[in-house]
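Read the structure below first, then the notes.
Letters A, B, C and D name the chains as they come in the text, with residue numbers starting at 1 for each one.
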Amino acid sequence: MSLQVWVRRTRSPEPAAVKREVNVLEPADLLDVDAKDDPDASPVLCCSGEPTGAAAFGPLWLKRIAASGRCAAAVSVRGQGGTPAAPGGAEAYAHDVVQAAIGMPRQAVLIGHGTGAGWCALAAARYPAAALVLVAPRKLPKRLPRPVGEPPVMFAVTEAEAQSKEAQAVTAAYGISPLTFPGGADEVFKGQNAEGLLDAILSWLNRKED
Amino acid sequence: MQEFSSQAAYDRGEAVCVIGAGASGLIAVKNLRENGFEVDCYERDTVLGGLWNPSNQHSPLYPNTHLVTSRSQTEIPDFPMPDHWPDYPSSAQMLEYLQSYASHFGLAEHIWYGSEISHIESVDGARFEVVVKPAAGSAARRLRYAAVIVATGHHWVPNLPSYPGQDLFRGTVLHSSQLGDGSRLRGKSVLVVGGGNSGVDIACEAAVSASRCAHSARRGYWYLPKYLGGEPSDYALARLHSRPKWMRRFLTDRLLKGPRRLAARMGMDEPDHAHTDEEPVRNGRYLEHVGDGSIERRPEIARFEGGEVVFVDGTEMRPDVVVLATGFRPKLACVPAELLGVDDDSPYPRLMARMFSPKAETLAVAGLVESGVGVLPIVHWQTHAISHWLTIRKGDPERAANFRQQVISESDQYAVSSSGISPRHRLAVDAQEYLAGLGRIIDTLEQEPVK
Amino acid sequence: MQEFSSQAAYDRGEAVCVIGAGASGLIAVKNLRENGFEVDCYERDTVLGGLWNPSNQHSPLYPNTHLVTSRSQTEIPDFPMPDHWPDYPSSAQMLEYLQSYASHFGLAEHIWYGSEISHIESVDGARFEVVVKPAAGSAARRLRYAAVIVATGHHWVPNLPSYPGQDLFRGTVLHSSQLGDGSRLRGKSVLVVGGGNSGVDIACEAAVSASRCAHSARRGYWYLPKYLGGEPSDYALARLHSRPKWMRRFLTDRLLKGPRRLAARMGMDEPDHAHTDEEPVRNGRYLEHVGDGSIERRPEIARFEGGEVVFVDGTEMRPDVVVLATGFRPKLACVPAELLGVDDDSPYPRLMARMFSPKAETLAVAGLVESGVGVLPIVHWQTHAISHWLTIRKGDPERAANFRQQVISESDQYAVSSSGISPRHRLAVDAQEYLAGLGRIIDTLEQEPVK
Amino acid sequence: MSLQVWVRRTRSPEPAAVKREVNVLEPADLLDVDAKDDPDASPVLCCSGEPTGAAAFGPLWLKRIAASGRCAAAVSVRGQGGTPAAPGGAEAYAHDVVQAAIGMPRQAVLIGHGTGAGWCALAAARYPAAALVLVAPRKLPKRLPRPVGEPPVMFAVTEAEAQSKEAQAVTAAYGISPLTFPGGADEVFKGQNAEGLLDAILSWLNRKED
């Protein structure tokens, strides 16, 4: 975020406040898994473009992230899941992601999926995420802003979309190449492909934080 | 870091020393860390949060202190406050916010509490030797740093006027910072001195809880309610800056017409400075209290006479308690005066761009400004600039030269005027202009230099 | 007047009985005297000034009560307040004003203190028998008067809501009139119930002196600051009535835009009545306290649960003190209900032109209205009309007939709506329209009747 | 004052408040005269159009009124004597007279002299004076308003001015004929003519209050 961008924002109305649904799972909450709580590991905040919001990440994501020793959370932005609708558009969704992020105990990794990837990219330009992960991004903003605090950025697309316009835009903006995963973009939430993708993300995170 | 004997100066290499763990210090630590610097932050008290922490033994908080700038203009740019908080958070919320900022970014592990800096001095060219005096009474330690950022703020040393006859006054005279929970005002005849935010806030407190409240203000101030046209006043006014200049003036006048006419109705002097020169006093309750007589306006105090206070207009009163809400004096005792550009004429630092030492490249002061927006965002951008500067001066001499030039040119624009009419005024900047200048400085640091 | 045994009804001839020596009673006595009537004024307390006198054992004053209407709209038309007083005088100044009015016009000699009226009844056609119960316990006395003016006001019988579980609540529950000096709020967790002027004023008091203040309002109210555009709000709005109607609407909207947008920002419901239907709540401090979180807005109480209060939105709090600022019920116990037009459906009197008994020509009630301007000028013009009416009905039957007709036609316009949504609302009149009606009634009395 | 006139006034700005000079002499203040203080007699408030204001009534008036048992006062309206100037015109002067009147212990008699007679006539339309006395009136307002509370009205002019326009206007407005006194209009403050005039006023007042 440049100073000029911030000044512009302080002169625009703030999106209406909503009571946001945030699902949280701590490693200590897992009774059936022997999770090693790693207090130095950044917590993870997930956001999807799916209408169900936080619930989209289903039983797999939060549990698997928590099992890796990280605090895991997912947020429903305005209009998604249990969060009431309120006007705003992409800027307001990004605001919701930032608001959820500041509620995390430590500097958080932002994982955005689908349309949510774009919101997380906008959020990362306002909030110094520990890392930014874009999964199967859709409808990205025209100009992807530079993230603040220079976090490591990763992005993952299906093999079929590896050359899509979105993928090219992300590559151009962050100077990184995509990690591809098998299956369709809607298979990221359950099944073996999903597990493989998630493990790839978590191991990338672990490498970045060493 | 280990303990050292008082004789051995421990060299911390490229690490940066931050003095103070209040809001400014915390922001400095976070931005330095984000730019890869090792940081040691020294805090003389045993708690973080500086003036916002009532446990701080020097806390200047008075009863019911709230922000006078609204949330959106006050929060740290990359760590907003929760959006369900009120427009003007309380001091308790402000402390909660700073504590959450510190834990979110893991700042506590870089803070050394109970450690006052007794002295710093230039050594080895651009490096600094810092003498740390532990509160516990153990021997002082000496350390060397690549740079020092002073973030001790300027709300610690009460500015205490003295009036003829004051020594013999039989009532209680307190500085605003000594008020505590305000119980000393209850049922008393109270005189509050000082027309700034603290004076006006305390007068409103006394209007409700004291048996009588008079308020003495030395000169005209700008009084604004906390809301204008249904929006927080600072936001409502700042927003107009995105309009063309002629329209801005028209719209500003329209917004301010009511408050202006009201101040005139209350018989208040026109302020002797333009409204952008100084933060307006932001309190809409005040003029209603004047309007219902629960605050009696008085001019400056002429003298004390036994139990009486005599004002320059000849009126008198017999207060039980006199509260001096007369602000604070900036005091950066640990830094040699010449490094701050302090000369014999004025105790006020003359810093380049209001943050850089005019003498030492790696000494900076964060947060020594008063502006129309909250000081937190200004400190954020100041320490953002300082961090980038410290990175660049090591590896990119050309850009560093451009930067120095830019800083010098911005500084000319913000030369500290010695005609400042109050301590606060002397630190005043126009937020919009100062931020624009900061923006130019940061651009110079971050962009490829123009050949 | 002499003392009488309880059996002998003493005939006071053409004298008029005024019940109550508060503001309304005093104005009635003065205007009756000015028109040549003998007057006996009965006051149950031992002091004059009614609700404005804190010595009155039933005083409804709460801490720091001030007028909510400004001086020029509140003072008695032919006896202005001192012009160096503040725009919104305090209750102490209001009492001083009434005392000065009483002594200026020599009213005290007509007041019988410690004398409660236990009963009045019609006798001999248009005359009244009045039973006076002396406080000292001596036997009741009976007197006959040519007319009776009831001026007991409507701020004496607390309107006390009751909520499920309230009986078992462990904290303190008080009506606003029991608050006294407000020391019971200090440092406590306080819940103030009631969105009217007293609720809002007390919430502002608690915002400063309590440890926490929540404010529960059942419905939308009109919130206005005490000043609009630099002028007292009531004056600023009334002044627009001299403009053409289309312009008035535009100017009114412009004046109210800010307060309206601010109430919306604070998440307050739109009021469920147009702004002329009811006095707005006049307190500019309130919305600033909501804006800095020192007053937490809550909806209506759903129930009490042990030490908790549960609101209809499901939120809870655990207050130490609950202050019911829920207003008062009009109660004119000494007057037979049928003379006031009170029927089974509603305890509210249905008076002609809001002052004349619908049954008895020489019974009137002064001050039983709530309007946008102070009640004193309304009572002045009411008792001016009543006094003239009492003069004319004796000697000029034709004018008297015209007058009755005018009163009846004005009354249709101001029929008490049974849909009133609060006790206060049921007494509400639009000041401008009501005064215009009063003006027409007075003109009918004073001018030669049109043949 | 009609209700309509009052409503109009509540919708107009009030004249600026000034700290008014009011000279007061109580019967009890008189050491050299054996004044019988009459608590039932109305106090008297004098107002002159002379630039010196209250001081114009000199040593004669207040002393002689007090000697008759009445509290005597004289007011300087804005711009006169020790009262600071402030904008306003006749309405504001009348306001000053009313403000001085409400400060009197009891309902007061208003005595206006010269231009001050007009201001007192305006004041008596707002404040129920115990009586209204106009002495050598000058520059009266075009329409003399009806006094409130129907006070007795008296007016006195020099013999030379008995048929003047002012005198006719006063007669028309109040239905009373003038009392004439010898000498010039500027001789009302001292000398034998002044004493005679004042005694005539005081005896008229005594008659009215019996």
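Annotations for the structure displayed:
As a convention for this text, contacts are C-beta pairs under 8 Å (C-beta built on N, C-alpha and C of every residue); 3 or more make two chains touch, one makes a residue touch a chain.
Bear in mind the structure is a predicted one, so any value in this text is a computation, not a measurement.
Contact with subunit A and subunit C alike is made by B.
Centroids built from CA atoms put subunit C at 49 Å from subunit B.
One inter-chain figure worth recording: subunit B and subunit D are separated by 61 Å, centre to centre, where each centre is the mean of the chain's CA atoms. The distance from the centre of subunit C to the centre of subunit D, each centre being the mean of the chain's C-alpha atoms, comes to 37 Å. If each chain is reduced to the centroid of its CA atoms, subunit A and subunit D end up 86 Å from each other.
Not a single residue position of subunit B touches two or more of the other chains. Along subunit A, no residue makes contact with two or more other chains. Judged by the touch criterion defined above, the protein chains link up one after another in an open path, with no loop closing it. Pairs of chains in mutual contact: A-B, B-C, C-D. Chain contact summary for the complex, subunit C toward subunit D: residues 34, 72-73, 77-80, 82-84, 100, 103-106, 235, 238-239, 241-242, 373, 377, 381, 384, 435, 438-439, 442.
By the touch criterion stated above, subunit C contacts subunit B in their complex at residues 63-64, 66-67, 85-90, 93, 186, 204-205, 207-209, 225-232, 257-262, 264-265, 283-285, 287-294. Across the interface of their complex, subunit C is touched by residues 1-4, 6-8, 10-12, 14-15, 17, 19, 95, 98-99, 102-107, 126-128, 148-150 of subunit D.
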